[in-house]
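Per-chain residue numbering starts at 1, and chain names A, B, C, D and E are given in the order in which the chains are listed.
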Amino acid sequence: MIALLIANSLALASLLIMLASGLALIYGLRDVINFGHGALYMLGAYLGYTVAKVTGFWLALLIVPILLALVGIVLEFLVLRPLKSRSHIEVALVTLGLGIILGQIIIFIYGGEARSIDAPAILSGSVTVLGLSYPVYRVFLILMGLGSCVSLAVWLRFTSSGLFVRAVSQDPGVARMMGINSDQLSLLVTSLSAAFAGIAGVLAGPYLSIDPGMDIVMIVDCLIIVVIGGTGSIAGAIIAALLFGFVQVAGSVFLPNVAALVPYVLLMIVLLIAPGGIGRGRVLN
Amino acid sequence: MLGHASSSFRVPAAIVAGAILFGLGGVLPGYLASDFTLKLANEGLLLGLLALSVAFLMSEAGLVALGAASIYGGSGYLFAIAMSEWGMSPGAAIVFAFLAVVAYGAVLGALIVRTNPLAFMMLTLAAGEMIRHVVMLEAVHDYTGGADGLVVSFKGAILGMQAADFANPQHFWPIGWTAVWLIGVTLWSVSRSRLGATLRAVRQNEERMRFSGFNTYVPRVVAYILVNAVAAVSGLLHVLNAGFVSPESLGLGVSTNALVAALMGGTAGSVGPLAGGLIFAFAQDEFGARGATQLLTGAAIVLFIVVFPRGVVGGLVAAVRRVLPGIDRPRGKT
Amino acid sequence: MSLLRIEALFAGYGASTVLHGADLTIEAGESVAVVGRNGAGKSTLLLSLFRETNVTGGAIWVGDTRIERMPGYTAAKLGISIAPQGRRLLPNLTVRENLLLGKATGRAGPWDLRSIFKLFPVLEERAGQMGTMLSGGQQQMLAIGRALMANPNLLLLDEPSEGLSPVLVDGLVDTLIDIRKAGTGVLVVEQHLSLVKRAAERFVILSKGEVVGAGPIELIGAAENQALMAL
Amino acid sequence: QESVKVGVLLIDSGPLAGLKESQTNAVNLAIEHVNAAGGVMGKKLEADFITYPGTPDTAVDGATRAIQKNGAVFITGMDTSAVSPALAAKLPALKALMLEVFAQADGLTGKGCSTNLFRVNVSDSIIMGAVKDFLKTQGVKKWDILAVDYAAGRDAADKFKTLVAGLGGSVGKVLFAPSGTADFGAKISELGNDPAEGLFVTIFGSDAINLAKQQQQFGLFKKYKMVLGNSFVIPQVLPAMGESVLGVYQPLGFVPGFPGAKAEAFVKAWKEKYNGQLPPYTAADQYAAIELMAASLNKAKSTDVNALRSALEGLKATTVLGDVEIRAGDHQTIRPMAINQIVAGSDGKPTYEIKKIEAGSDIIPAVDPACKM
Amino acid sequence: MLKIEGLSVNYGSLRALADVDLDVHDQGVLHGIIGPNGAGKSTLLDAACGRRRPTAGLVRYRGEDITKRSVAWRRRNGMSRSFQRTSIFPDLTVREQLELVAAHLGDDRLDDIIRLMDLGSYLDQQAGRIAYGVQRRVDVALALLGRPNILLMDEPGAGLSAVETLRLFEHLRELVSEQKIVAVVVEHDVEAVFACCGMVTVLDLGRHLATGTPAEIRKDSRVIAAYLGSAA
């Protein structure tokens, strides 16, 4: 039972990790609190639905992140760059407004009906691990989620391009003086963040419902995770998402009456003990 | 000599002008505007008050609160529950609700103002969402009505006004108008007082403030209590006017609306957020009639913030300064 | 062809102009000091090479490339590196990472982690620590080390002696002499003339954003130059 | 004045936003039909659509605008169980009537019933009435319950327990999931460990889809003899649930294939007008509400609120929902329900198959004595 | 006046200050602290003024143990400091910040301090936008407000020219002797230190190396090797 509990919380956490990493990336490296991230995830899911219908799930998993990266490029040039001298909260609210608009456009195109993607055949059965039968898709989700985010963290931490990205995030002026093309790297970060939302959107298809409310459900949870993880730290976000997923799943089993409160309590406890979050700038910022 | 004479003449002139504006504004709309317009204006004022509380904390202490709604809605719930469950009179219930949420704000503030701005924002968000969930818990369903909320109607009078009077836009307008003036002027004077200056300095360099002998904690707690008191007044007026409370009034949506209104109007000063509240209320109504509230709201947020970096009021003031240089020059610039 | 040529430069911050037609030329292997009182615009002059200021007129040439309208990283790519005033270390990078940033342009040369650690041994001891956990003088070493790591053609130092102990200033002077001999240009902004006198060949006096005096370094102590510097 | 106006409130944000389109379509189609059949009192019926973000305040604002500014006499459309009481409280002062088609809470026509509010859609108790009538013949005795941790879910769970006891059965596990649950893995594992014979599910909206898809990966529903949904597999979510819910039973107030000439004509007209789609039950309720408005206007021959109220109280009419009656005592419409099973349709896609039609008078509870107008 | 007993400060595993004693009792005399980079000079000031909790040891002020007192308390009771890394209010004008602090501490000598730090022509500029050297002077001015009894200064001359540093030290010496206060100044400009300080303490590697008059220190061979080099 406990093993199953952990496995289940890992599945939820994997999706959250991907979303929160994207959010942490653009927050930690680009200094933007992107309230529109949920809308990007929703766009990823709907695009995933459309593309998967034509090309199948696997190609959608490849194409949609690329499409979202393009959206990220548009976001960078049309919004973030022109507004770079504005305060955090102003930019955050602009992304909120854009997220609302994007959501409405999606509803306009797809209508309000919920949709779903079927998992490809090899992922639809279940496997038996340690005597427990467990859906293959969940295993896949966990591997994908953890895998992509760990590689992201490794890239940032241990490669020189990762180092330059971190330098740009802390002081673009100094980075430029050192000969780093900060505009290019900012663009990379924004599009990478959007691409992560795209991956999460496609992966959510066979697991969760694709519907007009999906952005809002996720964004608050992801904000909580990013903040628990520590300002913009990817590794922190990974740990925080695992913690969050576990607390939420465990809460719904052991404290069903007050389960809805559990994530907020977690946030308050962590922040009151360590206002900088768990990652506390270990990886970035 | 001359400068002294003219400034001592200017102060009473400003007070007289303010008094006239206040008097006219309190009376005229009742004759000129339709019930429907007044109703929207009332809501705009109350949202403006909430926006003012958010804006004050932002511009003075550099902290963004995303939990204003929990105070706003919470005071309404307490007011309703105090009457229906504990049999208080409406007047006593108002005082009780006000004091209770302000006390809650004080405790919360004492815990969270020390953290960094992002943590503060998320802590207020978390505290607010927690309250929204608590209200919907099964255990308190009988008190709060769960997701359905409560219809609040009271018997008896508050300051001589019956429930029906508060619900009547004509009668409510002067109350809202007066509250807005009192609070607007109060916050404006606080921001010009020593407390305001201390808060702004703490926001820029907390450590240097401590090394200058200031207590940097208490002023921020005081500021947080102050803005919560404003939010509570707004919430109580709202419940009197609307006659019901629901979990939505505690939620993130209301808090973001207040934030958006504040930024639309301009966070510096008292007029901006109030104007923002009015703009927001009327705009939402128009958008609704056009059948696309959400889309147009999103577009308006983007447009207003992009076009008016210091809010509509900030933008207007800057424009007036440009056309009439010399008007109200900041001190010391030559 | 000069290493750096600044012609009638007008630059400032926002709407205000700080430099009013400053001129400066540096040849390869030359070491020039820029002096002048607080607010004269010395730092502004250096920062203008990286588009950290608002350039409104004049020209900046690096070799035969005119850069004042090019992106901020151009100067570094062309072989100019800087240890800016106030150090501007990146607070959440380790000492080693801060140094490696100097390598961003990928120029090869005598300076690498090993030679920097030899020059400033304490940096090696602290290689894994965050840059801002160093003492003030150690941070200054890190900023200078970072600039050296780029193996520049022209090294810009903005008040490098600030916070350094006298022994280390001696070491710095020796280093500057060495790298100049190796053909690298040096432009140093400095308040403390003792360093300037030992490390530079000529000086330029900046006052209110304009060059008001210049000469070989031996003359820097002359009364008229002292008067110009106090202007 | 040339026309009689109906204020239609539409929610365009959050999870309910998806229903806006079919609601608008239903109003447009109904008004088209009413006007084609001669309108109301010789005038045309006209809709005034107003969107709002789903909160009580904004709903009251929207209704006020429709009534005071645009002269609407009726309010209808989308709302939630928090919005309705707030609206109902304001209606007497605004001098307008509301025909509820959305909120299911019993209280609206029970303890909190209100002079100016009439409900066309079914209440929670009516659904339970239909379930009870249906289960009498099914022979599934031992049940598990999975419900949303919300007033509606807890209420449904309690009612179902009483109902099962009344039929001589027993209830095993009763699990609650918070609204907005993304991962049902824990609940699914808990139920699947030791399943009873039947599973009663009260989970709504996107949570319902999440549950359906995730249980399929675990094969949960297959372990039960009968899975009975309560607002679980509704038409709006059925396509997304796909094959995962084949075999599930679901009571609905209307499905295509519902008996009656009007119902048939309605489905046909809908298909023609809205490129081949089928109307969901919410659209049928909305359509019926407009039909009832028209009937009351024609009966009262006036737009006066009091006259219209008296016309509606006790009104009997034939609508797309069949023969219905608005009960004067609590303003609840007495109407039939269909118990359906999800089966694979001719095109391979899951669809509803009507198993039984429950007559309205059999399933409606008596007027709640707490209801005092 | 200020007595430091057995003070140690660790940063993690690094021992920045090891068992240092310092007794600054001469009122009206500048007490200089010199030492190589990383010797622990700033750390000593940090521990003395409450910015950092010492790992071990005591700080006494007028005989009272104040090791656990808050920074604000110490400041209100006369202990003041300036920073090596400039610490000012970037968005306030120079005048606004000086007035705010002066009013809080009840100081009426604002004009004198403005004159002393030569800030008269910058009063209405935003502090974040003035030249670095001037910002340093604002930092020192903030420390001088409020008639402190103990003045702790961390490289007040950094960013100033040698001439200006010397002038600042002379002013400080006058101020200190006029008001009979205790002043501890960390500085690398040894010319200014030797010219104006009555006593000099040398730290090295977190330890106390020597204390004495400038003349004694200047001759000390250990100090020359560790610190002074050609400046001796």
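We take it that a contact is a pair of C-beta atoms (placed from the backbone, for glycine too) under 8 Å apart; a residue touches a chain by one contact, two chains touch by 3 or more.
Small disclaimer: the values here were computed from a predicted structure and weren't measured.
Traced through touching neighbours, the fewest hops from chain A to chain D number 1. Shared contact partners of chain A and chain E are B, C. Of all chains, the one whose CA centroid is most distant from that of chain C is D. Interface comparison, B-D versus B-E: the higher count of C-beta contacts falls to B-D. Between the Cα centres of chain A and chain C there is a gap of 42 Å. Our note on geometry: chain C versus chain E, Cα centroid distance of 28 Å, whole angstroms. Chain A and chain B have CA centres that are 33 Å apart.
Within chain C, contacts with two or more other chains are made by no residue at all. Those residues of chain B in touch with two or more other chains are numbered 136, 138, 292, 294-295, 297.
Residues of chain D in contact with at least two other chains: 12-13, 17, 149.
Contact between chains, using the touch rule, shows up for A-B, A-C, A-D, B-D, B-E, C-E. Across the complex, chain B meets chain E through its residues 194, 197-198, 200-201, 204-205, 207-208, 210-216, 332-333.
On chain E, the positions that touch chain B within their shared complex are 49, 51, 70-72, 75-76, 80-81, 87-93, 95-97, 100-101, 103-105, 123-124, 142-143, 145-146. Listed in rising order, the residues of chain C touching chain A in the complex are 50-52, 71-73, 75-77, 81-82, 84, 88, 90-93, 97, 100-105, 146, 150.
Of all residues in chain B, only 58, 64, 111-112, 114-116, 118-119, 122-123, 125-127, 129-130, 133-134, 136-139, 252, 256, 259-260, 263, 292, 294-295, 297-302, 305-306, 309 touch chain A in the complex they form. Only residues 160, 163-164, 166-167, 170-171, 173-183, 281, 284-285 of chain A touch chain C when the two sit together in their complex.
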